[in-house]
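Sharing a structure below in structure tokens format, with a few things to ask.
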Amino acid sequence: MDEDCVVFAGTANPALAAGVARELGLPLGACEVERFPDGELTVRLLEPVRRRAVFVIQPTAPPVNEHLVELLAFADACRRAAAERITAVVPYFGYARADKRTGRREPITASLVADLFQAAGIDQVITVDLHTPQLEGFFHVPVDSLSAVPLLCAALRDSLAPGTVVVAPDAGRVRMATEYAQRLRASLVVLHKRRTSATATEVTHLVGDVRDRPCLLVDDMITTGGTLASSVAALRGAGAAADVRAAATHGLLLPGARERLIQAGLQEVWVTDTVRVPEIDWPALHVVSIASLLAEALRR
Amino acid sequence: MDEDCVVFAGTANPALAAGVARELGLPLGACEVERFPDGELTVRLLEPVRRRAVFVIQPTAPPVNEHLVELLAFADACRRAAAERITAVVPYFGYARADKRTGRREPITASLVADLFQAAGIDQVITVDLHTPQLEGFFHVPVDSLSAVPLLCAALRDSLAPGTVVVAPDAGRVRMATEYAQRLRASLVVLHKRRTSATATEVTHLVGDVRDRPCLLVDDMITTGGTLASSVAALRGAGAAADVRAAATHGLLLPGARERLIQAGLQEVWVTDTVRVPEIDWPALHVVSIASLLAEALRR
Amino acid sequence: MDEDCVVFAGTANPALAAGVARELGLPLGACEVERFPDGELTVRLLEPVRRRAVFVIQPTAPPVNEHLVELLAFADACRRAAAERITAVVPYFGYARADKRTGRREPITASLVADLFQAAGIDQVITVDLHTPQLEGFFHVPVDSLSAVPLLCAALRDSLAPGTVVVAPDAGRVRMATEYAQRLRASLVVLHKRRTSATATEVTHLVGDVRDRPCLLVDDMITTGGTLASSVAALRGAGAAADVRAAATHGLLLPGARERLIQAGLQEVWVTDTVRVPEIDWPALHVVSIASLLAEALRR
Amino acid sequence: MDEDCVVFAGTANPALAAGVARELGLPLGACEVERFPDGELTVRLLEPVRRRAVFVIQPTAPPVNEHLVELLAFADACRRAAAERITAVVPYFGYARADKRTGRREPITASLVADLFQAAGIDQVITVDLHTPQLEGFFHVPVDSLSAVPLLCAALRDSLAPGTVVVAPDAGRVRMATEYAQRLRASLVVLHKRRTSATATEVTHLVGDVRDRPCLLVDDMITTGGTLASSVAALRGAGAAADVRAAATHGLLLPGARERLIQAGLQEVWVTDTVRVPEIDWPALHVVSIASLLAEALRR
Amino acid sequence: MDEDCVVFAGTANPALAAGVARELGLPLGACEVERFPDGELTVRLLEPVRRRAVFVIQPTAPPVNEHLVELLAFADACRRAAAERITAVVPYFGYARADKRTGRREPITASLVADLFQAAGIDQVITVDLHTPQLEGFFHVPVDSLSAVPLLCAALRDSLAPGTVVVAPDAGRVRMATEYAQRLRASLVVLHKRRTSATATEVTHLVGDVRDRPCLLVDDMITTGGTLASSVAALRGAGAAADVRAAATHGLLLPGARERLIQAGLQEVWVTDTVRVPEIDWPALHVVSIASLLAEALRR
Amino acid sequence: MDEDCVVFAGTANPALAAGVARELGLPLGACEVERFPDGELTVRLLEPVRRRAVFVIQPTAPPVNEHLVELLAFADACRRAAAERITAVVPYFGYARADKRTGRREPITASLVADLFQAAGIDQVITVDLHTPQLEGFFHVPVDSLSAVPLLCAALRDSLAPGTVVVAPDAGRVRMATEYAQRLRASLVVLHKRRTSATATEVTHLVGDVRDRPCLLVDDMITTGGTLASSVAALRGAGAAADVRAAATHGLLLPGARERLIQAGLQEVWVTDTVRVPEIDWPALHVVSIASLLAEALRR
């Protein structure tokens, strides 16, 4: 990491940013984010950025609109202070699922967000396990899409029971589950489901054999836990062993998710720290840091 | 208002939007704004917009970032559905005070917001009593700046005590206070103050004569009420009569503002409905609707 | 269709354009496309376009680069002649499958093509059965995505054997196949496959029951016929009845496709005229015109 | 040539690209261009380009639209892979003659192509003997216009008969012919002609004295050979010696050109390798490589 | 001319603007251009422009930079006031000769001016007898290029002596001279010259027969008169009759031009009013108004 | 100052540019600005700029439009010659006061000028004592706003009479005057005035005590001297001592200013060389060079 770089941490995940800085052997760039009584925010960079390559680490995790505008304000501050290049490090990309219109008169919010990034002067984006690969095409600036799967596999490999099968919760995750299966030398099972509303889905059938097999359900993100819970139920219905675990890159774990997952009987839940993981007392939750992954990407 | 127009209400101030629609003799365009458990939002327009002029009424009042992103999502939905022209009706323009850098490495968030509007496809902006006239220059698209002062003057004229003087709380409001004074045929007094922090100011002197005179303090917005309270104290210190009232276009009235203003001894507070006025039980608060003002601007 | 519109036909599918014009009760706009000995082309509009809404009907079918550049040249000619609005009617959108990067250093050509459209001044796009819905997000201008499925269903309904099941050739076509199934009141079967190279895929399993059932394979496009042929083989392997038919919106039918499909034993192949269907002597091929669908979209 | 550069060869003229790489003492960047059965193409860069200056050598020679789209795909791949700067090395710039409208409703395709270059992210252009100097003004990015005349003059000087006059085939080439004449210390003759159709011209008169003089006809490009042939006829008609030769930067030599030139009685034809010269058995054709010229420009 | 149009006159040629308005049967839009003591200027439109098509008539004649910035300020005022469309009517386009670089490190000022037009929000350009047709390609917005030659021919036809030949002063004007010759049924003579400095040229030879013939020299503009004077001398040297006249679209007639032309012995000089013709006492000068030509273009 | 920079002097203030170059220990980049008889100008850079950081020193002082277009032409020349980065060093920013609309249908010329800068390819701006801080928000590119107040204070400190008070001529200058007062350890007095026309103002009252005190009037610029003169009169009317001096960053000193200031009885007038100070015989005028301030900013 040569010296004309500076890494700032937004407020969305300062612990991750600190980890990245540690990996790089660099202090974080000093900065302040102030929120006024009326909810407006501002950013003050206490570090010179002129002609330097700036990285701002800010997943656009919930509250997504707050974190998004904060990131744009960082970019505006950097641009006006003549930064050489502004890279948004967005390990979790909010609105990624809003990648198409289901009706005729809706926004494609992920595409809008890409436009906003570019309007604010962001020159490059680094992200992790994007929900849809097509998202890169919404951008004109380069997008560096990293995958947390190798790190997750390395971390959970030893804790898996022998004979574990990797389960993709729907057709859209087959590519990701295949990567898990290859890295874990496990076989692959695919659930097929139908979206019944914006937040609920129904498993319609299961491809592969799970009978009496321990299972590792994998997904890109865990939000309410509803998808995972219904997948577990489908696996149980298909005769899977009791040992069902889950791994996902983005552990948003919205309120109620923990309860839902505990009730579903998941033995372990593995996520990374792309978003700030709520500090909850839950031994089954394992968090793997992606700081080294981001650090390596920044070094390039 | 010819028929190829459609007016949508964002969620920031639906009552105002309804009032505008009533004034225009038009129904509001049917639409839904949905907020998901993870805080992401989407917009669904249930009304065709193809080749129609669309108006979206959405003050970017607190929570400003929520309302801002919602407005941008509205614009994106309209643009993709081939609206002929998208006018953002933003009676209160959030971040208006972030119009310059006080240090070297800060955003100019008002300018950034202008860029975001344009990136999202907004073709025109209608706003009311912008904090700084220079803000128009941040936009490439036309900005129609309206003033609520005539409506406020018309509404409060009869309740003023004879001999009331109009008081500008600082030099930046002299232009607005002059307009009040002319319309009310009152004389003008100017307080001068110094900003001592981001939220506090100190009155340093007073120009004009307030001794034993009832006062009408005018401003563009009331947020915490702190500015008004210290202005009242300064007027009292200068021997003003007990009858001090206040008028402001934007009644944000953040939590604590009512108490602060009551304690300051303000007899009446007049605001408009550019932002949704909190429903608080406070007889001294008078709210004047700007629905007719906006309706007239939309008709043009 | 009011009179300030003009519809031009590019050279990619003049018969379709003529059909659209007939449906609209309009003559096609007179124009010439000239190709010089060195392969350069030019366009001459013999019809005034000043302040008129212009539609250019040009699928970017093979030879895709020729047809793409021709479309851009049409747009440039229209823009310079002060057309009010330029709508590219691209019933088949070439490069639609190039919607993501599979490696790190590839183009996202569909996104590039969207940029080229916009650089050339195209204001709106009308297209049919886009390969991926995310493609709309590559555009800033409105994209009107039509579906030929209703027309195809209406046309082939009477020729189907009772008990026919609709078969999706892979997970990506489930949404389209579902629409067929609902319209035809048929049940749905899904094949799952793995891409083994850029042009070859392998069916890995089949979800649903096809034993002794007539089948209707549906897809968005038929290019080499390889995908269909291997799907037919998989259906046969699963005990399907001999009566297997296919329907697809885009009948590219590259050289060799007919032979491949005949050999696979398809009884009927239904396509539309989004691309110019090669004039081949093949009674099993049925072509349904989408002229009425486009005409309706232009009328809006 | 410092090490953070990489030079890619498009498929239009790999031999020239190899020559440039040799001159630079650099290997060409590894890459693949794949053309699918349906005529779509893609590009794969097998060399990292992140933060490197990339040069893509690709004349947009016939088939011009293929080569143009390929070049744009290269640029898109480079941009998305975070190249520092993308320079299109386009020794022959297709559509250069489409630099103005002759009617009211035509494209200016050269200007369109400039827009496409810029939409694809090309940051700089290097080209050779542009047909019109005004073309540079179609670009916002820098255009480096090189001339092959010095190389051609150096190559053919010794083979010219004493007393040879340089002949400009029309008024538009006088500037180029003057440079030849000065470098060869020859006198200058100008033919004047009238374009009678898109591909045919007629010589109307001749300025200067060619009686019994050997002639060197010079032009920027040879396409069908028709212009040269009619110029030779005019020179003969004016009493020129039998020894007539021709030199041109761009030897497109479309099918039939060789026969036409042989029949016209040209003793020698000198061109460069800006475009891939067809491998034809024709001893009169001399090809001078511009690899050193390009290499020097890349080194800057 | 329908009613939602408004025509403003810049200060460069108010008489022409008045003539256009008269032709259109419209009053000119009321406006003020103020120049402050420090040379800054501003524009005030006293006429509403919201949603109206605005035409600003402003040749960018000397002082070119003043008139250019004034035109841009007009456009900015119109854009901010929500004009529907802004058409710059620039009968004389300043900097048109700066259409290419003669060295490596010069501006292409005509291309820059096109960019400035577009940056200021100009949507369309109407111009007359552009110096180079390639200039249109510098613009993305439509350019409507008119010719004053028919008007000039109609005006001067009767005053020409029988047998007059039309003379092009250099190769670049052959196209324009041909149009004169055809309209006047005269034969064509071409002078060839060499530019010896930025302001001086030398006639090198003459194509055609002028012996004892009256001549009409034609050009696009008369600036210092030097080109015309040397052309007259060349004609005299070639034995032309004493009756030599000149016609040009743009009569800039810089100080000294009249003297130079009188001394050269020109019998008549015909120009149009694209630029404000200096009020000089010179009976040989005939000014033909293009007001009707512009009015017709505006009507379209 | 590393070696890949080049500093060019426009014609607006070559002496200042020479001073900056001296401070940097660099020669100025060789260049020519030519103005043709018709008032058009061009620029020729005689120094290579390819991949170098270019600085062009050009205050847009009167004649503002000439100097503005010249600066844009410089930028265009640099951009086309592939400069790495173009920084406009504009110590005096013309049109800065045109930062808002006072009516509905006026330009915001300062915002327009910002757009023109960016259209011409200017990447960064360095300026001194901008009239309004909001101006920075008109730009997307970084603006480096310097202050000449420290230099002026250092220069004039010793010549001030003891007890001098710093006087702000209006509320808009309080911030600047406060900086003077702090640096000079003087107390602050504020005049309040009302603009009565575009060029005239009237002092309405005075805050602070000037009785028998020497005064230093400070402002950002001196144009006609009218503001200063009326301020002096107000100070005299309030009983100030005879010793009144003035300091301002930008000494435009339009014709008549000197006489007006002499007549007003100013003892000394201090300005900097942001604009070329007219060479007038006036001992009271002291000019402080900002060359070192700019040199330091360029070095960064």
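We just call them A, B, C, D, E and F in the order they show up, numbering each chain from 1.
By definition in this document, contacts are C-beta pairs under 8 Å (C-beta built on N, C-alpha and C of every residue); 3 or more make two chains touch, one makes a residue touch a chain.
Predicted, not measured: the structure shown is a model, and the values here were computed from it.
A.B. asks: Out of curiosity, which chains are bumping into both subunit E and subunit F?
C.D. replies: B, D
A.B. asks: Measuring from the mean C-alpha position of subunit D to the mean C-alpha position of subunit E, what distance in angstrom results?
C.D. replies: Result: the chain centres lie 35 Å from each other.
A.B. asks: So, what's the distance in Å between the C-alpha centres of subunit C and subunit B?
C.D. replies: The answer is 51 Å.
A.B. asks: Using the touch definition from the top, which residues of subunit C touch two or more other chains?
C.D. replies: Each of 80-81, 101, 108, 111, 115, 136, 140 in subunit C touches at least two other chains.
A.B. asks: Are the chains arranged, by touching, as a line, ring, star, complete graph, or other?
C.D. replies: Here the contact pattern is something else, fitting no line, ring, star or complete shape.
A.B. asks: What chain-chain pairs meet the touch criterion?
C.D. replies: Touch list across chains, by label: A-B, A-C, A-D, A-F, B-C, B-E, B-F, C-D, C-E, D-E, D-F, E-F.
A.B. asks: Can you list the residues on subunit E that touch subunit B in the complex?
C.D. replies: The contact residues of subunit E facing subunit B are 50, 79-82, 121.
A.B. asks: Please give the residue numbers of subunit A that touch subunit C in the complex, ascending.
C.D. replies: Residues of subunit A touching subunit C: 99-101, 108, 110-111, 115, 132-138, 140, 171, 174, 190, 192, 205, 207.
A.B. asks: Residue numbers of subunit C touching subunit B in their complex, please.
C.D. replies: 124, 136, 140, 142-144, 300
A.B. asks: Mind listing the subunit A positions that touch subunit B in their complex?
C.D. replies: 34, 36-49, 62-66, 68-69, 72-74, 76-78, 80-81, 94-95, 97-98, 101, 103-109, 111-112, 115-116, 118-120, 198-199, 223-224, 252, 254
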